[in-house]
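In order of appearance the chains are A, B, C and D, and numbering begins at 1 in each one.
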Amino acid sequence: MLGTGIIKGMVETARNFVGSYHDPERLTTVQYPEERLAPKENGRSFPFLVFDGNDQQAGLRCVACQICEKECPPQCIYINKSKDKKPDYVGKLQFYPATFDIDISVCMSCQICVEVCPFEAIKMDQVFELSTSDRFGKLLLHKPQLAKPNEYFHQLHPTDANEVDARLGEEKRKAEAKAAAAAAAAAAKLAAPKPAPDEPTKAT
Amino acid sequence: MNVAFILIAGLTLGSAIAAMSLRNLVHCALCTVITFAGLAAMYLQLNAQFVGFAQILVYVGAVAILILFAVLLTRNSENQPNTLLASPSWIIGILVAISVSGTIIYAVVKSTRLAQTLPPAPEATVQKIGEQLMTNYVLPLEIVALLLTAAMIGAVIIAMRDKNEKEDSGSKMITGNARERVSQPSTIHHPSSSQKTTR
Amino acid sequence: MQSLDQIFVTGKQWLLAFLPEALQPVGSILLVIAAIFGVFATLFAVTTILERKILGRIQNRFGPNRVGPFGFFQPAADGIKMLTKEDIVPRDADKIIHFLAPLALIIPVALALSVLPYGRNMVPVEFDAGLLFFFAVGASTELSVFMAGWSSRNKYSLVGAMRGIAQMISYEVPLVLSTVTVIMIVGSLSLVKIVEAQSGFLFGFLPSWHVFTPWGFAGFFLFMIAATAESNRSPFDLPEAESEIIAGYLTEYSGFKYALFFMGEYWGMFAISGLSVTLFLGGWNAPFPFLQFIPSYIWFFTKLVLIIFTFIWLRGTVPRLRLDQLMSFAWKFLLPLALTNIVVAAIWFFSRALQFPGALGLRWIFCAAILAVSYVWLGRGVAQAQRAKRVYQYAE
Amino acid sequence: MAIETTFQPKATLGRTAPGNYTLLPKTPAGAIGGIDGTVLEVAMGPHHPSTHGVFRMDVSLDGETVVKLKPVFGYLHRNHEKIAENTTYLGSVPYTDRLDYLCSMTNNWAYALSVERLAGLQVPERAEYIRVITAELTRLVNHCSLIGFLMQDMGAMGTPLMYAFREREKILDLFESLSGSRMMCNYMRFGGCRCELPSGWIEQAKKVVTSFPEFLDHFEALLSENEILLARTQGVGVLSKELAINASITGPMLRASGVNYDIRKVDKYGIYDRFSFRVPLGEHGDVFDRYMMRVLEMRESLKLLEQALAQIPSGPIIDPKAKLRGFRQKPGEAYARIEGPKGELGFYLISDGSPNPYRYRVRPPSLINLTILEDMCLGQTIADAVIILGSVDIVLGEVDR
């Protein structure tokens, strides 16, 4: 009969009308400034640089290898390598970025820089309230703005951060053990009444 | 003569003159609408509610739209050449108009009816009109109704024929276009084992 | 209770007593005009926010809830926005007609609102032929649609205007024919008399509204469908079909002129809903005897709001018709059904003479059967779309 | 020498407005045409509300009947293929997200598949299952939002669209917790997937999948029997079997015309041969059949998802041989295609040994399905043209690339 389909549809909309008053499953709107969704652990917005410890200059993991700069699909990372070197987390002397800029007006949040980074130095942030009235100056983030402590990384991506810390800790432990072993060997060599080798002990 | 009458009469006359003299046909048609509305107001002033409302319903609501449609459906209706105001046909027209109206005015003035006193205005409620139409004037009403029905059926038939022709030509064009694109139906995968569900 | 019911009538007389004798008629007219504009402008504002909220809830959203408590000051914000927006008139537009079109909508609609009986003794202008007046002024709104569409000099506007006029003229026929039944039964064109004919209660508790008779129910059904089309509401919103012709004849309107059009359309909806309340839903009569203490105007506006809610609900549910389907629906379904309904009303009227016990039930069943059969039969004709149910095959 | 920058208006063109540009001559009153028997030419788009983005249809109307229709696209052209030829193999993956931005997972898969074919990589079992699950979820997202958009084109005030989006949100939540982004997932890599499923993801996905049929039932109660919808869609925009094949239409649109062609069945790419699912076929090839194809395909996808979610094994998610950084291929070419929600989505790659593909070409189902628009619209009204366009299911990001 004519009209039954429309009546069925109207019953359906009435169900949703009434349901939206008592059923949170239906009224899924999150009223943004007052309410917020819990951030997802994998969530990503723009990259940031991780540093260990308290000093962002000293603890910065980035060694300015420029792989991310090359792999970045929209080419929004700009790195200048430093002239001098500083020790990294295992104490090895490495370059560091003199400047590290990310143009987040170009960045497309693809996370490829994170994937290709061999030093776990760049990770994805989850902030999204970055609107500004100056699209050239304020959207070009510099190293001081990009560097965030490792604790922040733990807060955002706990699983990933724990894994990374475990791995880095392992490496550091190994390096220390190696260094200790080397030092011990050197000490043993020095202690032994044998002719000392000509070349000095290599610092690792 | 009260103020309202003068206003309404002025509006009616003015819009009627505008309807005749404006260049844009749609403007003319819209002025005619104002004339119709003015006439309706005049009827209402004479306490002829039914006639007044019928005037609006029929003339403003229907006839005016008909005129507008007719104006629009006529091709190049609005690109009239600017004719001179005082062309020979104008002069002849004015002469004819003067002679006709003069004759009518003469006849009216000379007629004996004017000398009689006006009868009291009839009490014409809608109910009375209805009763009259259904009793005394039922035959004319039926004849008019029949005539209008015949006209409507005729219009429907004319419109239907036109539509069919159009549809024919349209569908031909589509199949023609489709055929151009179709070369050879290649072999296609047929449903090997088919199941059916009713939707 | 009586005083509360008549508070506006007595209030008006009290106010008029301050004026000198000679100015009292003019004062009365001005008061009535102010009342109509005030009440319906408020109702318009309330309806816009309610419509958006109800549609929002139907669609599982909140709707506007930022301005004021629950977003109820949204209409004020919208009004300020509309007033301060730039009024753009296209260069090629016919400027005079473009300007006059919204007025040509507002004035007839306001006139139509002035003949509705809003409560006991509360008719702004009482005409003997009030119903005829309503349709007469209602018919002239088509002109405004034409003027807006033609003067904008825009292709979408023109198509929208053509659609609008075709639709409004077509649906005027079933609209008027469905009210003929009421005129036949009541025997008057006066809206007050029609409302009074629906007062009283059947068996002491059933309201004797027209909608509770077979012809009245069918008439109400037809009237509401035609009214939806007349007021360009979904699913008959073809003249403004956004997904097809942008905004139809309103495409080139902005700012206050657009607001006027918008208001005119809502007022038209109020007017036609008010008429349906008057004709079929008992006007200002209370539904049950024990509820008669509630003032009459409250009943009128309650019913009006309920009808508007139905309009909104329908709008939230159905897609839009196509123009040819719209026309065939009017001429092949509504018109024959309305004519059948007139016959049924005549049968109902003349079978009043039957006085044996159970006569009412017999009349009821007979009239309802005629209408139901013709509904199903005509419906089958118009819903050719319900051809064979489609069966879909699956390939493994 | 100073360059003359002011534009000199031509006096013949018409009035000169203040400022240095020329106005076109005023439209003579009544010159719009269209009602007095002449053909009305309307440019629907590029900013028309229902062209699904920036797309233009140059329509000639006789009254309201379409007598000529010319689709004009390219407004969203952004050099996708050329960019990909200058980007590393890895760097193109996020760009494929932006092709058909409603179905980034399937785009990723098609691209990953073609690179895998080029490099001869093996995808681990678990990754294949994840791919099937995400692809079928994408199909649900695409089809239910498409139906919503179609109803919007039909004038349904967005109610079906909102219901569709309500359910889509649940799937997008899944995508977000998996890949970090709701729409631009960038999840698949050649040789597997980017990251392991988060804990509890499978359970959450199972919950979404089990609650989806109920939503579909209600959705269909709202739509499938609605008389207005039936009247609007049945017999409108008919596409014949032969024309569909000759115009190389693919996807639900082809199957609505009654052709049994589903690449999941034909190619059996991935692990689709392990699941039992059916391919719905239409008969009339009109808008209603296209609508029903999508509804029925969603139901089949749900069956597929149930099987995949129940069977998913544990194991690695990426081929250990796959190298992301500095990926380079020996010269060669490869074409891989999948059954995307919109049709056959294929990527063709030629490698010359450099880190970038020498040639990169997308076979976009949206574009190829759109080419047949005029043949479906001729003789229909302008209101039909809008819903026929809606039923084709285009995303302008993919059409223009």
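In this section, contacts are C-beta pairs under 8 Å (C-beta built on N, C-alpha and C of every residue); 3 or more make two chains touch, one makes a residue touch a chain.
A quick note: this is a predicted structure, and the numbers were derived from the prediction, not measured.
Colleague: Measuring from the mean of all protein Cα atoms shown, which chain centre lies nearest?
Modeller: Chain nearest the overall C-alpha centroid, as shown: D.
Colleague: Let me spell it out: compute each chain's centre from its C-alpha atoms, then which one is farthest from subunit C's centre?
Modeller: Result for max centroid distance from subunit C is chain A.
Colleague: Could you compare the number of C-beta pairs in contact for C-D with that for A-C and name the larger?
Modeller: When the contacts at C-D and A-C are counted, C-D has more.
Colleague: Find the geometric centre of each of subunit C and subunit D from their Cα atoms only, then give the gap between the two centres in Å, rounded to an integer.
Modeller: Each chain's C-alpha centroid was found; their separation is 42 Å.
Colleague: Please tell me the distance, in whole Å, between the geometric centres of subunit B and subunit D computed from their C-alpha atoms.
Modeller: The computed centroid separation for subunit B versus subunit D comes out at 51 Å.
Colleague: Any idea how many Å lie between the Cα centroids of subunit A and subunit B?
Modeller: Going by mean C-alpha positions, subunit A sits 76 Å from subunit B.
Colleague: Taking each chain's centre as the mean of its CA atoms, how far is subunit A from subunit C in angstrom?
Modeller: Going by mean C-alpha positions, subunit A sits 62 Å from subunit C.
Colleague: Among all residues of subunit A, which ones touch two or more of the remaining chains?
Modeller: 2-3, 6, 9, 12-13, 16, 26, 28
Colleague: Using the touch rule from the top of the page, what residues of subunit D touch 2 or more other chains?
Modeller: In subunit D, 29, 35, 159, 163, 166, 222, 226-230, 260, 278, 281, 292, 296 touch at least two other chains.
Colleague: In subunit B, what residues contact two or more other chains?
Modeller: Counting only residues that touch two or more other chains, subunit B contributes 24, 26, 72, 189, 191-192, 194-195, 197, 199.
Colleague: Would you tell me which residues of subunit A are touching subunit D in their complex?
Modeller: The contact residues of subunit A facing subunit D are 2-6, 8-9, 11-13, 15-16, 26, 28, 40-44, 67, 71-73, 108-112, 115-116, 118, 124, 159.
Colleague: State the interface residues of subunit D toward subunit A in the complex, per the touch definition above.
Modeller: Touching subunit A: residues 87-88, 90-95, 97, 159, 163, 166, 169, 176-181, 184, 186, 194-195, 198, 218, 221-223, 225-230, 324-325 of subunit D.
Colleague: Write out the stretch or stretches of subunit C touching subunit B in their complex.
Modeller: 94, 97, 127-129, 132-133, 135-137, 139-140, 142-143, 146-147, 150, 165, 169, 172, 187-189, 389-396
Colleague: How about subunit C: which of its residues touch subunit D in the complex?
Modeller: 55, 58-61, 91-92, 94, 153-156, 158-159, 162, 234-235, 237-238, 241-246, 315-325, 383-387, 390-396
Colleague: Any idea which subunit A residues touch subunit C in the complex?
Modeller: 1-3, 6, 9-10, 12-14, 16-17, 19-21, 26-29, 31
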